[in-house]
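There's a structure below that I have some questions on.
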């Protein structure tokens, strides 16, 4: 069944599939769209839509984290981003939004992110989100988790997102004391989302650290250059399905602990969201699609966190374009363009209805066709 | 034989093929093109060509439904389109034909289709077609079938087309009384064509409702965005062949009831028509190809019904271009361009002749090659 | 081994491969290029290169047929082309060479080819080639073979090419007396090349008619539209290999009659020639590549015979560009551009040398890789 | 396992994969990037990075060979290039760097390479490199090895690179005395790198000649036209893996002689380097990527050796663009563009770290996914 291909004598590769390679197959009854629910719950936190923000400064400010929470999703602020390096990053964001295709954008990103992180600003940003009355989540990199965790926890977040391009349950270092995720999470009182990861084994190991959610994928989109820089390209349909197998095995091994899968990569449209969930994801992480909201702090510009790496940037800068509409319109419509970038979760709901499913968990069993 | 692929651990997808992936293989005798027949008959209604119009306002007015009937095909008017919302939609059609690539065309479609449907106009339009002396067919959506059927039937149509993007034999609703297709059809005296559907099971269930014809596919073409909005993309070669298997099994189960398959999607050229029939279709539904006729009410513009959906439009607006020629030239030639958009059924006839087949039913057995 | 794919329930397609899908694999010794021979012989006629002209008026006039013969290949004049319809077609050819992308070129082709064929001109053209001192070959379509054969044979040709898009050994007609190829060839004293064909069975049947050579393929290139008009697209690597199997089986069945395979389609560069021979062809038919010679009567323009069909043209008109150089330079170099369109047979020779083969027949066993 | 496909009846092809078809899969621990080593050693010569220069005049002058050596790689000067034909080729290089897309660049290359090779200049160039204090390597073609070897050896090189597009262990010639690689190498005191080759058998035979390193591939990149001219296209992932199998078998057969594989082709970015090593290469040969260094003698222009062939050039001329930065920046960063062309070996190091490997030899076992 599983396609293991001998690419040369004695050297094998597993075949992997991208979301673009597959499509959903309606093959049962149909259902009224109003009878369909997109609700999602992580630990004690309920959401109207299975939507987590990718923690880029282009989309997540304290204000938009609140806005997304109010719209029913989960905002995530990067505590290693501009908002914790600058008292007021608005001027920088404005400048970035004016860069055009000719500008040395990567160099400018490297410069503005060279400013050190200020712990006091972390506390201030978290407070601002909490005051918005929504679930508070922030992202920290595995490298800085031990250093920044005390500040973050003191500030009072609900959910901690430990996210690097790739996170393993076992990081090896001869110089620094590496983060032991399992011990770290065991000592915490709050749910942790960790990742990205790209395969069954790493996903399973991350689940065994006690994480409540695991991020699948490296956040790749058309601006990402992880492929050309590192040779790493994640076929998301396969990565999600493999991680879902890890979820099942871990559920069995623990007698019932369900770890949520959050798909991060190759998701641009409502159709992509439907396909990611159909492969087995519980929720999706949205990056660039949210940069198209009027409220986006990047004012239409888009960049990944890795795009500002001082020595090895991975991610092109997406120059600002016209926003598509309000966050509400992007998430819930009505759409007035037919390309799947508006009414993202209305589109998901209709896809579920046309396939006859009532909720996201059921929809993970939808039929798929491979046609590319 | 059938390719079921494990795209990830424990998650499978069936491999599907598009019409573009395949080609016809001549592998027997050749035959004189004048000895080949493209005749088709649905229930009591004979046609010279296996051609059903996709019921878009861009191609089907009462007048062009008559024109297509006189040319030997089956015109289908949408009773939920502009002709039943406006006494005289000509001005609107003219305006739409002047929209350019920059215009907010989707928004304009949403506006003009917001006008309510007038039952009196349904009766008037049907009468106009009937007076043309051709087989009368209209399209209604499954949602509005129960409400509009009395008016339609009173008006006196020959064939009823119940068509949504996807139609199942069992629609579930907690709020409205859903359409029970089987009971509805049993009570009717006229043949019903129902669809679209995309797989064996749904096709078989639609056949069991008593439909005389089943539409295979969702009418996708290069303007369609069902893929990006809903994640649904139909590999037509596979969908047609699977539905043809349902036709065989239903024929056996009923001891002889033959349900016609009408392929709707990915058909732009005479070569595509030949391939759809070669996969097992009895007839093809033509959308955009007919918008290139001089007679088309859209005056060269093209849009799907779903392109005007108020909240989730699915289908880009194709701005008007120069028509290719009269409907007769489009259907029967002579072609003076070599790209397969003219002389659609002359091209089909020649393909059949080069493969040595005499009629459409025989041609369904033609050899195929998969080369992409 | 052979890939038969179930594209839908109960409907199969054979997988086919294009020349572009494969490449040659050097895997043995290497050899001096000067020790390699590209000689080819058909019946009593020896050639320095395995090169037959595709009989388009764009490349073959009586003068260029002679020129190609002197260069070591086989020129073929179309007796249903402009040279047998007009006393002096030069003006028409000049006019065609001035058409640009905007011109209604197909319509103009249809007009100029509407002129009737004059038997006296057939005789005159054949005489002109014979006087050039080369092997004389002309092409006639199967439809006109019975009518034109007496004139052609009287005129004294060496090789007769009976070529249509597709030729079968058994053509069925209820109106005309169809050509019985087997009887026709049996009555002739000269070798016949017949085709095109695309599969094992048709190739075998054509061999059984007594043909000395069989054309494999339908002459498709980037200007051809057989695909969009008829749904017929020939994966040449597979078609050639299948016909080579027919050649082997026919050799066995006859105890030694060797029928030559002439590949006609998808051959633009020296690399393509090497791949076609590597799949099992004995020679290649060159169309558009010869239109790039300075001597070409089309003066750089290019069109297929089928491009002028009065009702169903299949083939776009290639507007004239700058010629690449003399016929000698195109065939034998030296090349001063690196794209494989110059020094066609020098390139073939070098490919054979790098794979260690001495002659074309040996080279048919070269290793292949499938990488697309 | 290994995919042997019957492309036609009785004709098979092996399926091959390009580096673009695959990606690296992180599936274990992660590791600190500072704990990773990219060191490589060939015979007695240690290198900081597994980087060998492709011996094109566009990138390798005596000065840049020294510069690359000082940066930790292995420079290779072509003794059949401009530096051994001209006392001072700078003017020619300058002229070439000013050619634009319209220039007849191939013809100009053919002209400037028509100048004869001067043995005295070989000695002078070697001396210049030796004086730079780095490992001295030069490239000679198999055809000229016997003639030029005495001069080269007298001049005192450390490593001899015998490289043609394709080199076999057994070259057959009826006119010249062919090079017997085995005897030639046996008589030498210095390590020889030989190639290119593309398959298991040729690689094994080259190893048996006593070569210390074998070049895999024909140096193809987007400027190469070996494919269109010769029909030869090398799927590098497969070619490297097959050669790695030959390395294992030869290691076993000799009880421990380890021959290094140097991958030459389809390597543009740090991601490509990682993938080539992941397939089993010990080092990579860099051509065009080094032409982007400020120091490159071609001043941004790029051409292969085969691009100047007098009769059958294979390789388009890449007109000069803006350099990306110093050689140090290209090799070690910091990158200020995210497309994988800068910080080539920093990118490799990070890829290794994210997959948890410490050195290049270990990294050859990394997991691969096939996703195209």
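Miscellaneous remarks
Think of it as A, B, C and D in the order they're written, each chain with its own count starting at 1.
Keep this in mind: contacts are C-beta pairs under 8 Å (C-beta built on N, C-alpha and C of every residue); 3 or more make two chains touch, one makes a residue touch a chain.
Just so it is clear, the model here is predicted, and its values are computed rather than measured.
Shared numbers divided by all numbers used gives the overlap of an interface; between subunit B and subunit C this overlap falls below half, so the copies present different residues. Averaging Cα atoms per chain gives one point for each, and the point farthest from that of subunit A is the centre of C. Overlaying subunit C on subunit D by C-alpha atoms takes a rotation of 90 degrees, rounded in steps of 5. Mean C-alpha position of subunit A lies 40 Å from that of subunit B. Here the CA centre of subunit B is 56 Å from the CA centre of subunit D. The set of subunit C residues touching two or more other chains comprises 17, 238.
Because contacts link each chain to exactly two others and close back on themselves, their graph is best described as a ring. According to the touch criterion at the top of this document, the contacting chain pairs are A-B, A-D, B-C, C-D.
The touching residues of subunit C, when paired with subunit B in their complex, are 4-18, 104, 106-107, 110, 165-176, 178, 198-199, 201-202, 225, 227-235, 238, 307, 310-316. On subunit B, the positions that touch subunit C within their shared complex are 1-3, 17, 22-32, 34-35, 200, 237-242, 244-245, 248, 269-275, 278-280, 333-340, 343, 346-347, 350-351, 354, 356, 367-371.
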